[in-house]
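Look at the two complexes coming up: subunit A is in both, with subunit B in one and subunit C in the other.
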Partner chain A sequence: MMQSKLNKYGYLFILPFFAVFLTFTVYPIVLTFYYSFTSYSGFGDAAFIGMENYQRLISDDYFWEAFYNTIYIWGINFGFQLGIALLLALLFSDIRLKMKGLSFFRAAFYLPNLITIASVALLFGILLGWHHGTINHLLLDLGLINEPINWLNNPTTARWSVALIGAWMWFGNTFIILMAGISGISNDYFEAALIDGANRLQMFTKITLPLLKPIMLYVLITSLIGGLQIFDLPMLLTDGRGSPQGSLNTMVLYLYNQAFKFNNYGYAAAIAYGLFIITVCFSLITFKAMYRKSVKGE
Partner chain B sequence: MGEACMKKVFALLMMALLTLGLAACGDSESGGGDGASSGKKTLTVWSFTDELEPAIETFKEKFDVEVELTIVPIEDYPTRLRPVLESGQGAPDIFTGELAFIKDWIEQGYWETLNQEPYNVDDIEDDYIDYVFELGRNSNGEVKALSWQTTPGGIFYRRSIAQEVFGTDDLAEIGEMFSTRESMLEAGDQLKEAGYRLFPDEGAIRWFAQGQDPQPWVNEDNELNMTEGRLNYFDYAKELREKDLTAFAPEWSPSWFAAMDGPINYNAGWDEVAEEAETEVEVFSYALPTWGLHSVLKENVEETAGDWAVTSGPNPYYWGGTWLGMYSQSENKDLAWEFIKMMTHDEEFLTDWAMETGDVLSYLPVTDKIKDEFSEDFLDGQNNYTFFLEEAQKINPDTVTRYDQQLDSMFGTVVSEYVEGVKTKDEAIAEFYNLVNSSYPDIITPDEQ
Partner chain C sequence: MRSEKSNKQKITKGFFYFLLALLVVISFIPFYMMIVNATRSNSDILKEGFTLIPGTAIADNYNVLLEYMNLWRGFLNSLIVAVAVTVLSSYFSALTAFGFAIYKFKGSNFLFVMILVLMMVPGQLGLIGFYDIMRTFNLLDSYVPLIVPSIASTFTVFFLRQFLSSVLHSSLIEAARIDGAGEFKIFHKIGIPMMMPAISTMAIFAFIGSWNNYILPLVVLFSPEKYTLPVMMGALRGSQVAQNLGAMYLGIAISVVPIMIAFVFLSKYIISSISAGAVKE
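Here is the complex of A and B:
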């Protein structure tokens, strides 16, 4: 008797969470799934059209272009983000260097992440301008280029711009996570290695990296899931439809435009599920690859 | 002892906070209750700008009612409004629509039909600028929304530069130079030689993309209209770039605003610098509509105030505009109708409104009375009101479709790809058809016909 009464209270306490979760998360997910089989245009009734949206998705060049762009941008972004964060984390955690001012730098590195993305886009829009941009002005004055470069009008420079701005915004976050991971590694290992005469590189590759693997996996998967959903910077930096030449057309931007600009809600719902499947696949591959390697390593 | 004391203080503090919270709740409730008990009716209005605020103040006094105005930023406006209208929960009595989506919305049942009893707006149809009234009418002939304003565009130019380069700042003569796309380019050449740029950026000419014989983007059979005028526009835009007639200051960018008030810095290449040190450019003209004068030019100009004039371009065009309608399920239709009446055909109110804001009205009985009185100091005394009214009369409402904003934007994208030289004209056109097919599968593009 007593037991069941306690249980009842337990359910009561978790009820608010589940009520909110069911209404605002599960219901939309299910509804989106339903809409993905319709030609819903945002107005009136949704006509059921079976697999048509998914067939279109598979043969839609713009969607695969968006997939390519997304991976391209995320790849560069992640490389720089992790590279810079790892380098800084090593500097700050080196027991021989004993760097000072960690809390200051930690805050400073994290700061770009706190600026609203709209401000970031505006700022870089001005910096990267063509005939009036600050960066071109600087490069011309230094004599490094002969004529102003239209950064945001060339597919390669535009993708790199978005990727590097993203890396600048997120490396602080990654740095903090990596620092936490590194400080979780016992100093005994490093001291022992020091006594055995190991150099910095050996200590990094033989001690830090292997023990950091779970944290790196976490960083990789969260960054991947976030990166596959990249939307705001490409949306704000150019015309909002992926210019120049569709190079900033990412999957979520394409979804957004299909839904809210062109009112193809049904098709947009199918894109959302396409994105979901891709995200799951990527996460599984990453997880499998990392897990197998670490088993082999041991 | 210390700890117990702390606990007491903490408990007291919590109690104080709780009471404060409750009191605050009580306040707001009684506040709402007062409004209801005094018998004042409440009209709810949704819009995407604050431009209605002064009108609402007048309305409140005149009818002794409460008005709740909800302003939703334009980016979120359709997405926020739609579910409210679908469900009817918390739906406004009146909501506005912008040109960008009005064609979609009038086809839905959200707005009350106004050309039926008791509103009968067809009776006053002749009192309005043609295109403004027609844009509120849907494919079944039902009028769903009205507008008090008209927003035709023109070309604003700098008088002093005109004097220097062309020897005249006369409206008719400059208008003549801008009367075709070809003569506009010639004027651009002359300006370039004198060290000026025709337009701040290439986007400024998009209003003249249709050429002399404007056709809607999509015809009755849902076929895309790739007219001769639109095809020629590719070459025209390319020429503008090759002759280097603009200052490359993109619309709404800081340099675009700065160029209104005098010369701006310019990153020229070294090749050019070697020939002639040109690190600054000055812009001659801007293509802007009625509201561009008050909300853009006047707001951003100090030095060049009084040095401007406005004349017509190669073809009449309009840009933006706000329409007004009442929710079909509203329980406050009488009051809502009063507000719409005041906003769109109350002579006394509209006269005051026009005098105060300079808004160019679409209601002719008022504009006929007041148009001759206008003299704009910013335009060196020019009567821009009469000018814009004449431009508005030239606009043909039949060329507007629900696709315009997005199709114009896609068309601009492929044209600039051609101008940049990354695509040939044929490739750019093919890309345009692909984009259209992807966004609007229902439209039949010429390559499918």
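Here is the complex of A and C:
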């Protein structure tokens, strides 16, 4: 009785959230959708031009190049990030080894995550400098190279640089998440496997990995959604336009430049929706792939 | 035989610790190089190249840097925005989660599903519209676009709602009502303390997210004195300071070292929050 009278408080409690949510999140998304069908330049009226922006997007080589760059960079980045994190997780979850210092190593590996990406980009921008970069100086001193490498001016080394800086920043975070998942696995499984004489690798592939699947899916999806939106590093490592030869031009960087450098708001809005559709497709494919594997495994 | 086995074990472990130490060095060496180079003069860096030994030019570098840009100002701006975001998102997310968990009202399921769906939408989707709306309301070049949207933090609401459903005892609420407590008082005296562990987990994410946010302040802020730290760092890159590598390194160090010091004290807390955030999914 009393409760039902009080239920109107529910609306009151969620009101601030929804007022802000509708104004600052939902309405901008709807408005962006509307602009994607216009030639809006940021000034004056937005002339309706139908599907023109989307047609342009589909045949825009720059956009598809940005798509390719984004996936290329994310792929290398994620491979290293997950690979290192998994090896570390394998090491620290081994009940025979009983490695110590987990909390210290977690903290040490996590640290680069807390640094503003802008600072990281600037730091590596000068560490990787051509004639005066510390990395080239070091490699020359060690005799590993004969002349300085212009890391950020060659498409391949530039992409790899961005991907590896990302991996360097984020493997600690992935490691912590994997360890959190592993700590939820009962020790009984490992002890039983130990009695059965299973080796390190068998325990990892037969027990840890399958039980870690939900966490792996979480890591994969969050990394993918974040990776498709990569912006700060490519923006700040070079000239802000994705040089050299457009190799660092990612999708969000392209969106940013179209909107805020060239005032093509209408087209930038279409890029935003193109990116959104791509993100949804990739997420669905990932879910499907993980789901099918688990059915097969049963 | 037993000791032979344990010897082998010891060697394996030693090898693994060596690899871990190597990885720690890789994690830290860029920061170490940054600190060393921040103390060296530009000509020293250009001529002498790589060294692990600090120089003596830190005061000169500081003067060159401050002449062009007051990074401490950016630091303060970032701190103001991040603290405001953390407080607002914590309080209003708790309020919203409490509203969804305690009361049964028409449309609550639909509204909660709406939150879940939009939680998946990447932040960049509405950027163009967001910018346009802010311009219409004359809110560009202010902190409103950076702070106010945090009142509607979808993931935090979702997380707190899940947390609340596992710790909430309705009898506690009933008892408070019989004692004559109002609904808001119940939220403040019972709801918030109950959710506190989850709130502090999410507060950390809110703070880090705001602290590292780059694209949004880059788009909405124009006046250099309002720049947050990441935007200021970006501006530093295109400035005259970039000619002086020592000053440049010092600028980066100023943006990094305080965070490192704070992390030394807070790391346990932060890491356990990330672990909790991931497992609760």
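Details
Note that in this section the second predicted complex is superposed on the first by the 294 of 298 C-alpha atoms of A that agree within 3 Å, B and C clash if a C-alpha of one lies under 4 Å from a C-alpha of the other, contacts with A are read in each partner's own complex, and residues count from 1 in each chain.
To be clear about the criterion, contacts are C-beta pairs under 8 Å (C-beta built on N, C-alpha and C of every residue); 3 or more make two chains touch, one makes a residue touch a chain.
Just so it is clear, the model here is predicted, and its values are computed rather than measured.
Clashing of subunit B with subunit C is the outcome of superposition onto subunit A.
In the superposed model, A:64 makes contact with neither subunit B nor subunit C. By the touch criterion defined above, A:126 lies against subunit B and subunit C together after alignment on the C-alpha atoms of chain A. Looking at the shared chain after the overlay, A:262 reaches subunit B, while subunit C stays out of its contact range. Once chain A of one complex is fitted onto chain A of the other, the partner contacts of A:241 are limited to subunit B, with no touch recorded for subunit C.
Of the two partner chains, neither subunit B nor subunit C is touched by A:291.
For subunit A, the partner that touches more of its residues is C, with subunit B and subunit C as the two candidates.
When the two complexes are overlaid on their common chain A, residue A:105 makes contact with subunit C while staying clear of subunit B. By the touch criterion stated above, A:48 is placed in contact with neither subunit B nor subunit C.
In the superposed pair of complexes, A:137 makes contact with subunit B and with subunit C alike.
Of the candidate stretches 199-207, 217-225, 253-261 or 397-405 in subunit B, only 253-261 runs into subunit C once the two complexes are overlaid on chain A. Where the contact sets of subunit A with subunit B and with subunit C meet, they give residues 42, 125-126, 132, 137, 140, 260.
Across the interface of their complex, subunit A is touched by residues 78-79, 82, 104, 107-108, 247-250, 253-255, 264-271, 406, 409-410, 413, 417, 420, 422, 434, 438-441 of subunit B. Considering their complex, residues 9, 12-13, 16-17, 20, 23-24, 26-28, 30, 33-34, 37, 45-46, 49-50, 92-93, 95-96, 98-100, 102-105, 108, 111, 115, 118, 120-133, 145, 148-149, 151-152, 154, 157, 177, 183, 187, 208, 211-212, 214-215, 219, 229-231, 233-234, 236-237, 245, 248-249, 251-252, 255-256, 259-260, 263, 267-268, 270-271, 274-276, 278-279, 281 of subunit C touch subunit A. Across the complex, subunit A meets subunit B through its residues 42-44, 60-62, 125-126, 129-133, 136-137, 140, 146-148, 153, 239, 241, 243-245, 257-258, 260-264. Across the complex, subunit C is touched by residues 2-4, 6-14, 16-18, 20-21, 23-35, 42, 84, 88, 91, 96-97, 99, 101, 103, 105-119, 122-127, 132, 134, 137-138, 140-141, 168, 172-173, 176-177, 179-181, 183-184, 214-215, 218, 225, 228-229, 231-232, 235-236, 252, 255-256, 259-260, 265, 268-269, 272-273, 275-276, 279, 283 of subunit A.
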